[in-house]
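Same chain, two partners: chain A is paired with chain B first, then with chain C.
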Partner chain A sequence: MKEISRRSFLKGTAATGAALGLSGSFYNFLFSGLEPAQASDETGIQKFQNACPRNCYDTCSILSTVENGILTKVEGNPQNTFTRGRLCAKGYTYTRRVYSPDRIKYPMRQNGRGSGNWERISWDEAYTLIAKNILKIKKEYGSTLPICLNKYSGNFDIMHYGIEGMLSSFGNTSRATGTPCWPAGIDSQTFDMGTIVNNDPEDLVNSKYLILWGVNPAWTSVHSMYFVQEAQRRGCKIVAIDPVLTQTASKADLYLQIKPSTDGALALGMARYILDHNLIDAKWLMNNALGYNEFFDYLKNNITTDWAAEKTGLPKNVIETLAREYATAKPANIWIGYGMQRHANGGQNVRAIDALAAITGNIGKSGGGAQYAHLETWGFNYHAMVQNKPAGSAGSGDRAININNFGAEVLAAKEPPIKMLWIACRNPMSQDPETSVVKKAFEAMDFVVTADQFFNPSVAMSDIVLPVTTIFETWGVNVSYWHYWLCLNQQAIKPMYESKNDIQIAMELSKKMNELEPGSCTFPTSGDLKDWVGKEFNTGIYNQFGISDWKELEKGPVKTKAGHVAWQDGKFRTSSGKYEIWSEEAKKFGHLPLPVYREELKPANEYPYRCISPHWKLNIHSQFQNLDWMQAINNAPFIEIHPETAQKMGIQEKDNVKMYNDLGYIVLPAKITETVAQDIVVVYEAWYKDKNFNVNYTVKALPADMGKKATGMPGMAFHDNFVNIAKV
Partner chain B sequence: MKQNQRYNPAEFQRKFFVYRLLQDYYSGCLWQKKDNWNEILLTLAETRYQEEIIFFDLGMRLIQKLTQEAVYDFNRLFVGPEKLLAPPYESAYRNAEGLLMQKETTDVRKFYSIVGLSVVGQNREPDDFIGLELEFLCFLLYQAVSCFQRGEERADFYLNVYFEFLNMHLGNWVSDHCEDVLRHSTSYFCKGMAMLTKGFIEREKSLLMHKEEIL
Partner chain C sequence: MGFLVDAERCIGCHACEMACKNEYQSEPNVRWRKVYPINETEYSLPERNHLSLACNHCEKPECLRVCPVRAYTKREDGIVIHDQGRCIGCKMCAMACPYEVPQYNVRLKKMEKCNLCDGRLDQGLKTACEAACPVEALSVIDFNGFTKYGFVIALPGFPDPSITKPTTRFIKPRIGAQVRRDQ
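Entry: the complex of A and B
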């Protein structure tokens, strides 16, 4: 009986299986995900050139090993004499990033921003939805200005500037403008010297005296640390100046725990001592500088080492010894970190430090200098970025939205308002100050598109998420803002799942927009990404690096042939061609022409502690911390508090501490440590996956003093965040 | 067992139906079949697995309605974009560090190549995606029964590979995976499908103990 019923079942389902549309029927096996094996070109072991494109000094040259089409290993490329065959802890996790089960795999649509109700959609559906929204906005508002791009440093590959190009190809749009990282310091050096240029960091070994001023390379530029320590081995004295006793400071010969934001006072006090003791390089100044007499007058009339000692919290004799040692060791070098300029007086402080290097004649010398950063090797064509706007585009140009006050400026934008966000290479919901305002801005939009590799708080507030490729799955080209190497990024493996390069996305979206409204988007609708890398090169780059074709980079990275000592030729790029201690240009931007002291911000009564939020060793902003190896080491934020402060507040190790100000609060466990001063707390600016808060919930969008000239917007005073703490 | 019972086509047929259903489910194309879901349920009932497998029975009770909530739940469990609550990949469970495309994945790839198969667009989708493993098992059954009907000896080879793969791969992790679904799922539907999957695969695996009798 049973047998019969099964036979009838067999008969029945052979037909119904097909009728129901299940994949195939018993007599007709239809393959869906499998197929008879094809000959594959992905066999054996292959090596590829890759480049780490993150916002980091080191921009490492990577050698990737691919076995049968699978990325099995990443290592530092020994051909690069700066990165010297090693990666950092973060870099070694790259295989984890590519093959993490948590990667964003497919285009998806969220039904209700922040609801977590996601549906998988096809790329075609995604393009159609996006294109229709863009065209609708253009029709309704008469221009594409209501569309705002927030893209920055998640990927510094040159071709990725094509994301800006994509927005240009729609018409005039709104753009998050400026940079949160380093603008105040850039402006300072631009006023002083005309632009930023640093000595080749491999030249650090030639220093006799090295001040690491507000920089922590042991965590944030591990390859530079080799050169720092090699210099030390050769007899160079290493001085670390930092409000926090960092890993770098622990390796220094002298550590000075300065009061935050008073670096200019220290530099000026040192300058006064150097002047008084006739340790200046008068010849260098006469030949190369303007305004030094006015500067010396200022020092004589306004600055004393007693004042500097009071301001900085450092003993007068220490300041004097430091000044004497710095001025007499030749050559002496200062590395100015980005941390120390994230203050309301950060730019002015950098100018004062630059002036120290100038009056001692250390600029333009091997082993000397005032190192900050450079953009000397960035002279690409920006072929992907430079796109024409469609004929007849309304509006008189793109509209700048301050990246450092993004939420408020998006909400405040009028005529036309901002209605759509495109987020790429960025996670503003974690990295911007005033997170709750940023969230309001996301909520106020009609449409939000985010392109990313992993789910994060910005993706959570999006309507559409698009999966993007990792560096191993696409082409690119990278240079550094610190070292002088050029590195090709080869496609090593196929893109996993349905991920695409942002430029591929731009091409395909352009195709869709032109289908729906011919002429609405100028971005090329097709192109080979490898060819597009080639289109970024020009003879200037070829000459600078001593190559005749970019394909030579397939053999390995190359270094510039010359220019490894900044300003060696004495030709400063200021309007006078001199080093301008007195800067008329600074005056034009509303600053005092001399590097005089600008008062630091001080804590108010109800918020007596300064919260510093420096970089953490296991992340770059909101990248890497979400990967398992990093999480295995540390998977939760904490607050560093001095033992005396902790005792005063009744806080013990691992107690939950509420850190608050008038913006908001966060609660996190205490780490009691003497590495911070009594009036300072430290919370690292990492995004921790699965944590619905980070330190930026308490950070005000307070501008640094400088940045507008070089980057369009002032920098961010991340470290002028005053808070109170309480045990909870 | 007698020769003609070993390759009972009706027995293979009902397995085939369940494999295809599970494969379509994990591939995300079940949602397009909302309109004939009731008909699919009727056919599923005809397999009468619910009479033998308690989990299958429980599962069937939970999957009566295919709701939009189930779609969202399904995506949270298996698709993204958030961290997957029950990753549908063997290596996520069996690789010591939960990483995809490692030895566990290439071992599966080797199995596919034994019978001359590979993943469409290899190296884009992990070979050990559950949908592919289900498709592979279904294919092996299909080949076994086809060979048998043609009187080819190779039928035994396919059945051997079938049990080998079940034993070394899908059968080794699918229970953990289904437990994850049951732990994190917020919909009756996905919970039901997890029970169905768990019950069915565990039963298939248990047949391995009687493999000598079957073969």
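Entry: the complex of A and C
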């Protein structure tokens, strides 16, 4: 492309300069009720390193601009070669999040949970109320086990694990355990390879064939999409397998509209073809794998491509061509998404896909592999998290409450019952299945404390809300579960209003508890947040990233020095050290040892449609879609319905549709589109401000098959949600 | 001088649009750039494709022609500049522009639009939207000297270019193969 001549631009600048920016920066802050002087005493323009801590593959490195103490702009940090100086639509709204008039500004007490009757209280009043409740519970029940923490992925900064530390520091407590997102797949790869490790996503460009299997990076990992498209430009064929024609599938060379939850059948059908046509990598298997002969016997005795075709809804010849292309392109890569494992057979399906990568010898290769996620760069000290319980704490340890059936398990907990909730970095009233049961659990409590930034549905069901800082108002450190960068998060501006970092809250609460009952809380009562960051580092991290002091990160993010091709050394972390197609460990957890097919759930007559509730591009769960810049683009949920289904049900574009099952219903406008199949409807999960919309009203707390080994609890079969629809 | 919008690369992610707002800290409902979905029935197979559009810096800008106070000027390099200092907020330009580009700022009671990041370009920087696009689907080209073939002057949904002669150019989306259960 021809370079643009810059000279021509220089003319005419003066005329326009004055107008530019007039619509801009500082007016909006005044509207948010903030006077600039309050924001900071600093003057001039400063730049800071920040990191986006959201539950997102990309964990972007941010450069923020602060003018006279006000955050005026965020940009991607070009030093990070994965995010390449770019953020996503969500990341670019951060100024609106910081200066949103909707932010929770002060500690507040609600007189009547769910009443909306909030009154401002001081931090000291809040700490006193909370501390007294904790101590009262401890006295009454003889332990702090009636106190339950539900904290997860709203902020993945390492220091935020200090919230768990805060609970530990006053005794044994109950903990929402597990993860709604990805546990079935984690267990699958743990059985197969010993843990999850993915190739550096920047390595995607080296693939010759890439199957994007139940993953939609165009919406959930926009920076990966560059590498996917770059691979495509270099001649790699991109195949998207998904029950929904996603944005990613729209950019693929080939889209396969598979029947939901039958991914394992497709993988096994392909494996059978690969075996029959001698396209396996026998040498790799001999050197690296266990149980492949048993697997091949299973394939020969039980699997045919005809069967796979019937199961998946994909023609036999398509499956065979796919198998041949995948097995003969070297290297061939598969990216396994979290969506495809949110089924009752999700874990087993992931094992079958892993096996495809193994029998073709693609594991351990640049441009190859079975990508899922990794935790290789997460070896911090967890200094904030690891706290001693007070001497003589009653109870033998923390009590696990299944995060994926939170409402019911909180209500069912006995000896002692659960009486108090602490909610942080989470919004279970929006994101958990069986919302009505979750609500009952909140209602049954004596005391609910939530630390958050916005008045979301969980805050609405709390007694006390504590305002927490945004990333720009505090310190932190971030790594990714996908790429291999490490990024410091510097405090760029003073905390708005009376917001505080969760660690600060823990320190001050500890102080109050010790005032009221000396020795009742071991959490440090003072400390500098920047120093807390430093205490998370160790020589392991330093060596991995080639730095000698964490303060070097003030100059910018750094990447790991090695280990960018997963399993390249062939040292699997299973007990045998091999890739275990036959897994004794799986057996121990009640699964069949081989990646055999486990029947998918099918719709019943009464509820003939499967509702898939994936991520939406303008939010991450209940974050971002509430901000005014997002609302200007879209401020209404909708239901995607196939034209034939719509016709059959007498539904037209924008008609209000009731989607229901025995659990509940939602009403939302129809979007008629062939991106979904006739037997599927799609509703994107999100929290919209001031809207009584929540797809989880209809979602049962149905467990996925796996997750218990690695995360303590099975995953959630979010996409096995069967419903009916009607025009209203 | 104008935008080249590569609809094959574009993933409709709105990063460009939001980066523009971030750069200028725009009012919530003022959208200098907008990402529009292309109706899925426009192509042989349903796909999710988009057009990311801002001011088209037209060769015959209607906004400029109708503005009673000459708030619009066209630079030598082709950029159509709206000077908010002169603007009286009469909305004539909004009515005249076929692309719904000039946006009314309720608070200032004036119009505003994309000035092609003239300040950034003059400093040798890329426009905020181009710099933000994760898949490099947007660029600014000097289309007089642009020799690469394969671009078109309109895609489905883009209003008739004959009136104002926009400088925006497009690359068509490639439609991939699909194996669907409804066939």
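Points worth noting:
Here is the rule we go by: the second predicted complex is superposed on the first by the 687 of 728 C-alpha atoms of A that agree within 3 Å, B and C clash if a C-alpha of one lies under 4 Å from a C-alpha of the other, contacts with A are read in each partner's own complex, and residues count from 1 in each chain.
The criterion applied here is as follows: a residue touches a chain if its C-beta (ideal position, glycine included) is under 8 Å from a C-beta of that chain, and two chains touch if they have at least 3 such contacts.
The structure displayed is predicted, hence computed values, not measured ones.
Within the superposed three-chain model, A:G76 lies in touch with chain C and out of touch with chain B [touch as defined at top].
By the touch criterion stated above, A:A391 is placed in contact with neither chain B nor chain C. Shared-chain residue A:L245: touches chain C; no touch with chain B. In the overlay built on the shared chain, the residue A:A218 is in contact with chain C alone; chain B does not reach it. Looking at the shared chain after the overlay, A:M286 reaches neither chain B nor chain C.
In the superposition on chain A, A:E644 contacts chain C only, with no contact to chain B.
In the superposition on chain A, A:D628 contacts both chain B and chain C. In the superposition on chain A, contact is made by A:T95 with both chain B and chain C.
Applying the stated touch rule to the two superposed structures, the overlap between the chain B and chain C interfaces on chain A comprises residues 5-6, 9-10, 12-13, 16-17, 19-24, 95-96, 628.
Those residues of chain A whose C-beta lies close enough to touch chain B in the complex are 3, 5-7, 9-10, 12-14, 16-17, 19-24, 26, 29, 31-38, 40, 42, 68-71, 95-96, 98-106, 108, 111, 116-120, 455, 459-460, 465, 467, 493-497, 628, 689-690.
Per the touch definition, chain C reaches chain A in the complex via residues 1, 8-9, 11-15, 17-19, 21-31, 35, 40, 46-49, 73, 75-77, 79, 81-85, 105, 107-108, 112, 115, 118-119, 121-122, 124, 131-136, 139-142, 145-148, 176-182. Residues 8-14, 16-17, 20-21, 23-24, 27-29, 32-33, 36, 39-40, 43, 46-48, 71-72, 75-76, 79-84, 87, 89, 92, 97-102, 105-106, 112-113, 116-125, 129, 131-132, 135-136, 138-139, 142 of chain B are the ones that touch chain A when the two sit in their complex. Chain contact summary for the complex, chain A toward chain C: residues 1-2, 4-6, 8-13, 15-25, 27-28, 72-76, 84-90, 92-96, 218-219, 222-223, 225-226, 229, 245-248, 250-257, 259, 313-315, 318, 617-618, 628-629, 631-633, 642, 644, 673-675, 677-678.
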